[in-house]
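Multiple structures follow.
One chain, subunit A, links the two complexes that follow: it is found with subunit B in the first and with subunit C in the second.
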Partner chain A sequence: MKKNVFFGLYLIIGLLLVLPFVLPNSFYLDLVIRMAINAVIVLGLNLLIGFAGQISLGHAGFLGIGAYASAVLPTHFGWHPLLAMGAGAAVTGLLAALVARPIFKLKGHYLAMATLGLGIIINIALRNEAQWTGGPDGMPVPAMGLFGFELSSDKHWYWAVALLLSVSVWASLNLIDSPFGRALRALHGSEVAAQVVGVDVVRYKVAIFVLSAVFASLMGSVTAHYGGFVTPNLADFFHSIELVTMVVIGGMASVYGSVIGAVLLTAMPQALATFEGWETVAFGSILMLSMIFMPKGLVPTLAAKFGKGE
Partner chain B sequence: MALLDVSQLSIHFGGVKAVQNVSFSIDAGIVYSVIGPNGAGKTTLFNLITGVYTPTSGEIRLDDESIGGKSPNQLATRGVARTFQNLQICMNMSARENVMVGAHLRLDRNLIKAALRFPGLKRRDAEMCEEAAELMRFVGLEKYIEARADSMPYGALKRLEIARALAMKPRLLFLDEPAAGLNPRETIEVDHLVRKVADAGITVVLVEHDMKMVMNLSDRILVLDYGKKLAEGTGEEVRKNPDVIAAYLGAHA
Partner chain C sequence: MLAQFLQFLFSGITVGATYALAALGFTLIYNASNVINFAQGEFIMLGGMLAVFFTQAGLPLPLALLLAILVPAVVGVLLEKLAIEPVKGAETVTLIIITIGASLVIRGLTAVIFGKGTHSLPAFSGDAPIEILGATLLPQSLWVLGVTAVVVVALWYFFNRTLQGKAMLATSYNRLAAELVGINTGWVLFMSFAMSAALGALGGILITPITLTSYDAGIMLGLKGFVAAVVGGLGNGLGAVLGGLLVGILEAMGAGYISSAYKDAMPFVLILLILFFMPRGLFGGKSTDRV
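Moving on to the complex of A and B:
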């Protein structure tokens, strides 16, 4: 049954090991770091959207909670960054669980609207609580340190993020091919079938929603520490949409698709910079065309074409 | 004592009384069929007992525990399995994975252990993978063990649902028209399969239109018409019942 599903993971690890030695300058290193951070977020989101068949249009909001927890708590209250990161994730998890219970009794459009609303509320809160968050201008984030070792240079960040990405891909691959993961995919395929074999459908939907939200929050903290500065744009609606687009372009229900989607969409604005004022148009056209010709997303389409399933 | 005991069961959808005051009981180890003309309430009765609908009134007892209004997943923990008249296969998964999902409650569903690939969980999962293949052979799907669910023909999917239900190791199995839409040869195969399942000690409740199959398999038969119990008994008793003949032939005796 299995062609080796981990082949792609080895490829990713291999690439991550080689890249820092072949990239010409720190601009590219920075780009790869941002790609990897996005890839981890998209992996979590794809578990929710692609595998479990649920939608979140407010994921950037969770990112925002994590990022601002890492900015506000150490700055104003002197918390250790790791503690702040954990607190952000805990609050996000709690909030996601609280909101998810009632909305997962709903389906389809309601869920989209509810998560959309949640994301917008978080964003507004971040913009308006200026005495804590710096408002629309954002605020600086203290450096992340651990046992007296400070994550400061790009190289440090690169290896930390590379490790994070590799572990996330590995864990995602494990998860989808487990009883938990099969239950998720089953409730996507047929909710009533999942129920009659004993899957507590609402509980699983809540669990995966919370998991992907916590993932987003943690990576929000990472983004904040890496950038050294956060603005509410990180948490806005357009960023949520961008994340969903990464899932869809790369391929729903595809672990490697998540990585490819994140890599492509993070790189695209750079690649399209030559179009100057027209880059959004070019960006939009590429998205439309890929949806028309590859509605299942890049990786599943190519996998089907070359006859090997993921 | 009966395994399943249904008394005065009713459900109303607005003004429509889909099932009215139906009572019957099913002993462990038998094949029990529910028949009746289209719209008689057979599938509704299944949906009531398997927790898809909540009864308006009446009681359902499984092993003397009241189960009316319990959700399907709660019933699954009590060994109640079912298949669907309109297929409910997860087309986003492989055939074998569909069967493995059936064993959901028998496996370790822990998220953390799964993500970190705990050896115990992985080993159990690999065993289940073998068991799923075994079940697929049991229902006659050996050709499709490596297949994707969305590439399988209708008749095979019908049997895949049975394999998935069997993966639960149920005590009580509800089969909703397992032979619907099948050709005569496939129908005979399903007939044999249901017999094999019953011989394995699983109590089978069957809704089916194929009378030959029903008469051939059933220890007892319940006849529904317009949501009401028309008759109940052995195949011979039901066949001779004038009310049943009237309902099926449309005559008024």
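Moving on to the complex of A and C:
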């Protein structure tokens, strides 16, 4: 069983090692890089949605904080990009903790409402504070330097992101098997039962929410440096929905599902571009159909079908 | 000073009435099925867009408006039959994604059929503003408020004085118990989606002569309706109406006195504050946990 679980990780690493040598051109390399970045964000979000059973409809807002920290602090204040990235993550973590603490004492849809509100406020602030953020048009992001070595070419980015993804998958697989992960799964199963066996429900929920928000912020910084430009669209409601969709389509509470969901949905706009004008309809239909026919998501559904548990 | 305050108040309660209708829609569906219908905003948009389309097609205004309410109601019923009923008992997240998918389909189809332009509808009884203590009130605002008031009274009568209404209420309290006493809960689900879509569409039609409409107008209206429903204590009808008005007034005051650029952020700041300090909403009851 143990070997089985890590088999997927070896497969991902193998694929990542081979891909740059078989991809026909830089367009595909760019696509794979964006897939990998999204996969890491979705891994973090899935810890919250899949394992703690809580939904965040404002995750793009956290992404936005990270991305704009990496854009604004080095540009206007001359901070080192790494320091800016850390500052973004710290602010996001604080904000998430501040919001989560009172919300998690409630039940039901309230976290969805609170994160939705937070995400929209962040997005509106990014659009309005044009003297800092460039407003709706966005702003350029300085390059990321690491120990005198500048991440600039697509190849460099590819290896950096590939490493990041592999480590994140490995860490997630370990995390869900740790006492922390077990506690999370317990509280998703039955909060009361978890409480009875001594799990501090609110503390665990806050912890996982903060963790996934910080994840999003860090990856927002990575996205910003990689793209070299940020716009408030990165932080809008629709992007939050896209991220949740990646989690749900791939499979809630499935590490590999997160990766598959991110890969599929990142590729989808390219695939749907042929349906000119009908993209939104196609995207919406796919969401509905996959939820109606595969409410557990792709990976768990297939795994159940072929008799292999994850 | 007073004139300015009144002006903000008028525009606040006018748009607040639309939020109230949307919030009632959220409440109806939430009570019947525990679903937060993220497609609610699209019904508002559909109402406005269809009213524009049908009047431009030459239909007389009353018939055009009636159709602009009926078509969204049918869409609402289809949504329930095709997408919500097949996944009965699914997780909250699954249901949220389904309704978000539905909202994208409705929005996308509207853009394909009617284009992405902005449309307006002539006011029902002229544009001559009425002056009250130095502030002006559009005749259309009176339509919005009057119709909303009639609808609220009619709904109150329906839920408190008719058998069908009581059946719907009973289902929202306890579905199983309602089924046991012979209430057709499938029918209740059907009715809530139809009524909720019709309410949204009505709000959309009434407000279009004032605010204009376009294929993407439903997103913000729907989200603010959701805020209003939560402000009123999710599931509470009267709360939804008061929540809607409160959100509308606060938004108008915020835009007028604080910053018009942050107008759209006001409802969401309000909801965060309420969740922190009055977590059951302003009018919500106490909830206990059943194990």
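Assorted remarks:
Please note the rule applied: the second predicted complex is superposed on the first by the 307 of 310 C-alpha atoms of A that agree within 3 Å, B and C clash if a C-alpha of one lies under 4 Å from a C-alpha of the other, contacts with A are read in each partner's own complex, and residues count from 1 in each chain.
Following the convention adopted for this analysis, contacts are C-beta pairs under 8 Å (C-beta built on N, C-alpha and C of every residue); 3 or more make two chains touch, one makes a residue touch a chain.
Because the structure is a prediction, the values reported are computed rather than measured.
Contact with subunit C, but none with subunit B, is seen for A:P102 once the two complexes are overlaid on the shared chain. In the superposition on chain A, A:I55 contacts subunit C only, with no contact to subunit B. In the superposed model, A:V22 makes contact with neither subunit B nor subunit C. In the superposed pair of complexes, A:A125 makes contact with subunit C only, with no contact to subunit B. In the superposition on chain A, no contact is made by A:A273 with either subunit B or subunit C.
Contacts of A:D200 after superposition: subunit B is touched, whereas subunit C is not reached. Comparing subunit C and subunit B on the residues of subunit A they touch gives the larger count to C. In the superposition on chain A, contact is made by A:V192 with both subunit B and subunit C.
Of the two partner chains placed by the overlay, only subunit C lies in contact with A:L287; subunit B stays clear of it. Under the contact criterion defined above, the residues of subunit A that touch both subunit B in one complex and subunit C in the other are 192.
Subunit B contributes residues 50, 52, 71-73, 75-77, 81-82, 84, 88-94, 96-98, 100-105, 107-111, 114-117, 121, 125, 129, 146, 148, 164-165, 167-168 to its touches with subunit A in the complex.
Within the complex formed with subunit B, the residues of subunit A that make contact are 1, 170-172, 174-175, 177-183, 185-186, 188-190, 192-201, 207, 211, 253, 309. On subunit C, the positions that touch subunit A within their shared complex are 36, 83, 86-87, 90-94, 96-98, 100-109, 111-112, 219, 223, 226-227, 230, 234, 261-262, 264-265, 267-269, 271-272, 275-276, 279, 287, 289, 291. By the touch rule above, subunit A contacts subunit C in their complex via residues 49, 53, 55, 57, 99, 102-103, 105-110, 112-114, 116-118, 120-121, 124-125, 128, 192, 237, 241, 244-245, 248, 252, 277-288, 291-292, 295.
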